[in-house]
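Read through the structure below, which is laid out as structure tokens, and then see the notes.
As written, the chain order gives the labels A, B, C, D and E, with residue 1 at the start of each chain.
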Amino acid sequence: MGSTTIMNNIPNLVALLIFPAGLFLLLCGLFYEWADRKLLAQLQNRIGPRWFQPLADIIKLLAKEEVIPDGVNPTLFIGLPIIALAGGLTAALYVPIVGLLPSYGLPGDLIITIYLLSLLTLCLGLAGSNTLDRFSLVGATRTLTQLFSYEAPFMLALLGPAFVARSWQISVITTFTNNRWLILSQPLGFLVAVIALMGKLELPPFDAPEAETEIVAGALTEYSGRGLALFRLGKGVALVIGLTLIASFYLGGVTNPFLFFVKTLTLLLVVVALQALLTRLRIDQTVGLWWRYGTLLVLAQWLVTIVWHGVAT
Amino acid sequence: MNTQEALKIASLLVEEWVWTTETERPEPNRLDVKLTKLDDFIPIVVGLRVQRLGYLSAITGLDLGPEVGELEVLYHFCTAAAVVTLRLRVPRDNPSVPSLCSIIPSAEPFERELREMFGVDVDKHPNPIHIYLPDDWPVDTYPLRKDFEQGTVSTAVRRGVKHDGKENNG
Amino acid sequence: MKIGIMISDISNSLFRRPITELYPFERRETPESLRGMLHWNSENCTGCGLCAKDCPANAIDLIVLDKKAKRFVLSYHPDRCTFCAQCVHSCRQGCLEMSNEEWELASLDKDQFHVLYGVKEDVENILAGSPLPDVDRIE
Amino acid sequence: MMEKKIMDETFTVPIGPQHPALKEPSHFRITVDGEIVTNAVVRLGYAHRGIEKAVEGRNWIQNLYMLERICGICSHIHATAYCLGVEQLAGVEVPPRAQAIRVLTAELERIHSHFLWVGVAAHEAGFDTLFMYIWRDRETVMDLLETLSGNRVNYSVNILGGVKFDINEEQADAIRKGLDYLEERTNHYLDVVSNDAMFLQRTSGIGVMTRNQAEVLGTVGPTARASNVARDVRVEAPYGAYFDYPANIVLEERGDLTARFVVRIKELFESYRLIRLILDTLPSGDLETRMPRRIKEGETVCRVEAPRGELFYFIKSNGTDMPERIKIRTPTICNMTSVVKLVIGHQLADVPMILVGIDPCFSCNDRMVILDRSDGYKQQWTWEALRQHGIDYYHEQHS
Amino acid sequence: MTQNLLQDTIQRLKTWARINSPWVLHFNSGSCNGCDIEILATLTPRYDLERFGIKLMGSPRHADVLLCTGAVTRQARDRLVRIYEQMHDPKFVVAIGACALSGGVFRGCYNVMDGIDQVIPVHAYIPGCPPRPEAIIDGVVKLLSSLSIPTAKVETQPSTDGRIETKECSL
């Protein structure tokens, strides 16, 4: 059974690998997942996983027996993880990963990227609601609730730099932000962007959708084997993209690999420290918090930016 | 209320009132009250409660063995170091005691335990279901009675366990 | 009302070596008193059987081969043992002791968990299942 | 939500089987009329091993170790209660040094237990960093207990008539040093649980139990003391060495989850004080007195203060080397009752908060709800669904 | 030829991943909590099992290794079997503590089954009451290393001082 799973997987895997820079991106995602776990462990005064840990996890999951639970739509069950990962990988085309220029660029690709990122969450939610398992259903509901509350602030926060760069094309914005530390002029926007990213990726303390102590593993409870592996990969990729976007928009651009790694990893450290410091929010608190403060903060930031711009020009 | 006061009030209550009891002081901090009439039980408990004499700390069942043919039920009330114990004797076949749940809500699990471990019927108990034993426990089998044999139940069940089609009896 | 009070802890940890032990690569010294695997020294044993009688888990049996000649074999089940040291305490002859070094007893099969202590020849006899003169077991 | 239509008849909601959890498994069955809880029943026994029966077939010495293993978190206190009872029956005087060592171990155990609880509760609330640090520091006590007794969890310090181990100067110094470190850390944790805004919003004002409720429902231990009920066997009815080393009671008024954290953490300081005192004034003398193998006929009641509250033992001997009957009433069952009684009359939506409020580990035991209606319609609910229901319910109320 | 080589590599890769990424599920089948707190302790900073890629999972579907404690009470038995069946292959069971191995002090009590292996197959046994966290790590590492050599059984060797560790005992 195990080996046939692998064999069945091979066409899919190949399809993913021939995707431009796909393999590299996946590895990058795994590396960042490792960095995330390792840093968290370090902050908790323990050693944490070895460098190949996420890779081993993925391979093991791929080799594991895949069972499609009763009462689910098999096409959706199998298809959703693939779409999720594909969405992430596509989004990466528009983003300056490793400081290289984006492979593609079109006007307005910022919006496309953000929506492709949401595709992942959306698939997760659908995957959860596709099963009969109660944990999954609750997880799915929470995932989607969270998605809708984080989408707007994240978007608005990223539109801040877009506004000052006067373009909705990522490559244009990054050229503009190069060596301009927007974090200084838009600190609130930066803050909201970071927190919204954590919310989007369901990192603690916004991990109510997959809280182990409450609902086992949320939407993914019924997933095992390949499906789980693909979702994890997708999340890794989304993490890289999110970090890259924020680092290049707010932290003075990521024009070469060195700067890229330094900046994204520093950003990751901030994210991890927040994870370590904060207690998980209940889902109602998560949502309430965002609608009350997150959006407000971002709007305040906008106001300041606009006024300041008006004054400057 | 300190220990001595509590003991004094308790002995006043049970000895110099209208009920028929035998009291003993097996240890300095304990007052042991044997009730000869089941009817006196509830009024005495109400009396203890009204005097705010401690809280129901535990209910102990005792099987005096098939020869004696009786079970004993002990209600322990604690105040500071004082322990006031009310003892009820009930016949071994068809034993029954009144429920205290309406006076002392926390008696509920203790009485359920008494029911399933000794087979003492608790009259008017709000939730007469198992608390510790599994639902498929054989009826009329009470583990803490003296004539319950360790192992009878457990082996019977163990034979029934199967895994991978193999019989698995340890 | 403060946010993130634990920041002092995490910033302390950031640049410090984790407290994690490297076991199984590095083994910390175990305390002298640690109660590990039980060992039996037959020399002084009188065959009183108190150790077996007081064992809460029935982990030890004393097999008496010849009471006069003081030929005993002690059968010990580390899988049942609760490492409580009552047997050590019960034995007045000081025959029993618990090792503070041998505590990594994990095994992949259960056969490892039947240990016979005694003179080699007696143990081998028992293993071979050869008939023994008036074997008496004290549990 | 879809639950709405089910809500308007009486039905039974059994919450949760157990979950592969740290804490012992339990299970609640809640009957609801519309939205109001009319009855709640707790179902235990996933860990029921039949100890009370088994003790009748083993000798007094073997029983010590079995009773010690009723629970691995407060094993020592079970053994102590049993020993005190049996010694009382046998009329044996235990040497003061042994009594002091028992109390010292009991206080070390309390430290380990409270650290454990705070850690698990933090993990439950989703604050893993606190969990990790608390458990890291807890290792200090575990090390002390291990060097002292030879095992990390079921220490087996007691034997009938005394203790097995002595404490030498070197060990005493190690304990003092360990306590200094722990005291410093405890101050820090007290700050965290009482001031960290993020943590407080998961604990403050949750699961409130008033003083009267706590008293009438027969709660014990820190749960009672967090509601300002002065119930502590060490203080009310001193036993063993607590006559010579009196403990002070720690009370909190609010009765909510925060108060339960604070009470437990403040009790740690009391334990540190007692242990230091004992170490400084450890009486000299023997460690044990000889015990007869047969215990005189009689009955006794023995109460001690376990980390979670009053532990009650009733021991009856018939003059042989085996007990006639031993009744054990653990603190958990008392506090369990309070949960079950407290929810009656409350909104279903409040149930999770009350359960979680009493002991956050409940929420990890109970993750599933099965709706079982009389017409045979069954539906599974998660613990979370119930919580969600609560949230939605209040949203609707307010909008 | 190349087909074989590919198969072989995939097999090796799978084994490697399996050994390096064991996700565990913890089940208490009626233990005294002693073993359970020691399992939890192995995840905390002092011992940190994440070094070996071990992660505690909540769902049986995600777990590869079931860590079991307790003497299996009658109430817990069905649930144990169900959890075992819910886990996806390949799966392993580790019994932890005297209770889980044989019933320990509770051997013979009316409500217990005297050990995990009376109910489900067990792949590794860790004695102790409870085993120290190091001993648990040792057991898990032994299980993991046995996966790389399919026929790993620890040799029985006669030790010094006349003591023999036996495979079978006819008594």
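Methods note: a residue touches a chain if its C-beta (ideal position, glycine included) is under 8 Å from a C-beta of that chain, and two chains touch if they have at least 3 such contacts.
Keep in mind it's a predicted model, so treat the numbers as computed, not measured.
*Asks:* Touching both subunit A and subunit D, which chains are there?
*Replies:* Both subunit A and subunit D are touched by C, E, going by the contact rule given at the top.
*Asks:* So which chain is the furthest away from subunit A, centre to centre on CA atoms?
*Replies:* So the chain farthest away from subunit A turns out to be B.
*Asks:* Based on the averaged CA atom positions, which chain is farthest from subunit E?
*Replies:* Greatest centre separation from subunit E goes to chain B.
*Asks:* Suppose every chain is reduced to the average of its Cα atoms; which one is closest to the average of all protein Cα atoms?
*Replies:* Checking distances from each chain centre to the full centroid gives D.
*Asks:* Report the inter-centroid distance (CA atoms only) between subunit B and subunit D in whole Å.
*Replies:* 23
*Asks:* Roughly how many whole angstrom separate the Cα centroids of subunit C and subunit E?
*Replies:* Roughly 20 Å, centre to centre.
*Asks:* Averaged over CA atoms, how far is the centre of subunit B from the centre of subunit C? Could you give it in whole Å?
*Replies:* Each chain reduced to its C-alpha mean, subunit B and subunit C end up 40 Å apart.
*Asks:* From the C-alpha centre of subunit A to that of subunit C, how far is it in Å?
*Replies:* Computed from C-alpha means, the inter-chain centre distance equals 52 Å.
*Asks:* For subunit B, which residues are shared contacts with two or more other chains?
*Replies:* 133-134, 143, 148, 150
*Asks:* Touching two or more other chains, which residues of subunit D qualify?
*Replies:* Answer for subunit D, listing residues that touch two or more other chains: 45, 48, 50, 53-54, 65-66, 69, 129-130, 132-133, 136, 151, 154, 196, 198.
*Asks:* Check each residue of subunit C and list the ones that touch at least two other chains.
*Replies:* 3-4, 6, 9-10, 18-20, 56-57, 82-84
*Asks:* Can you name the residues of subunit D that touch subunit E in the complex?
*Replies:* Subunit D reaches subunit E through residues 17-18, 20-25, 45-51, 53-54, 65-66, 69-73, 75, 116, 120, 131-133, 135-136, 138-139, 142, 151-154.
*Asks:* Report the residues of subunit C in contact with subunit A in the complex, numbered from low to high.
*Replies:* It comes out as residues 3-4, 6-7, 9-10, 13-14, 16, 18-20.
*Asks:* Using the touch rule from the top, collect the residues of subunit A that touch subunit C in their complex.
*Replies:* 41-48, 273, 276-278
*Asks:* Going by the contact rule at the top, pick out the subunit A residues touching subunit E in the complex.
*Replies:* Going by the criterion above, the answer is residues 1-3, 6, 37, 41, 44-50, 52-53, 55-60, 63-67, 135, 212-213, 216-217, 220-225, 228.
*Asks:* Can you list the subunit D residues touching subunit A in their complex?
*Replies:* Going through subunit D, the ones touching subunit A are 122-130, 132-133, 136, 196, 198-199, 201-202, 363-364, 367-368, 380-385, 387-388, 391, 395.
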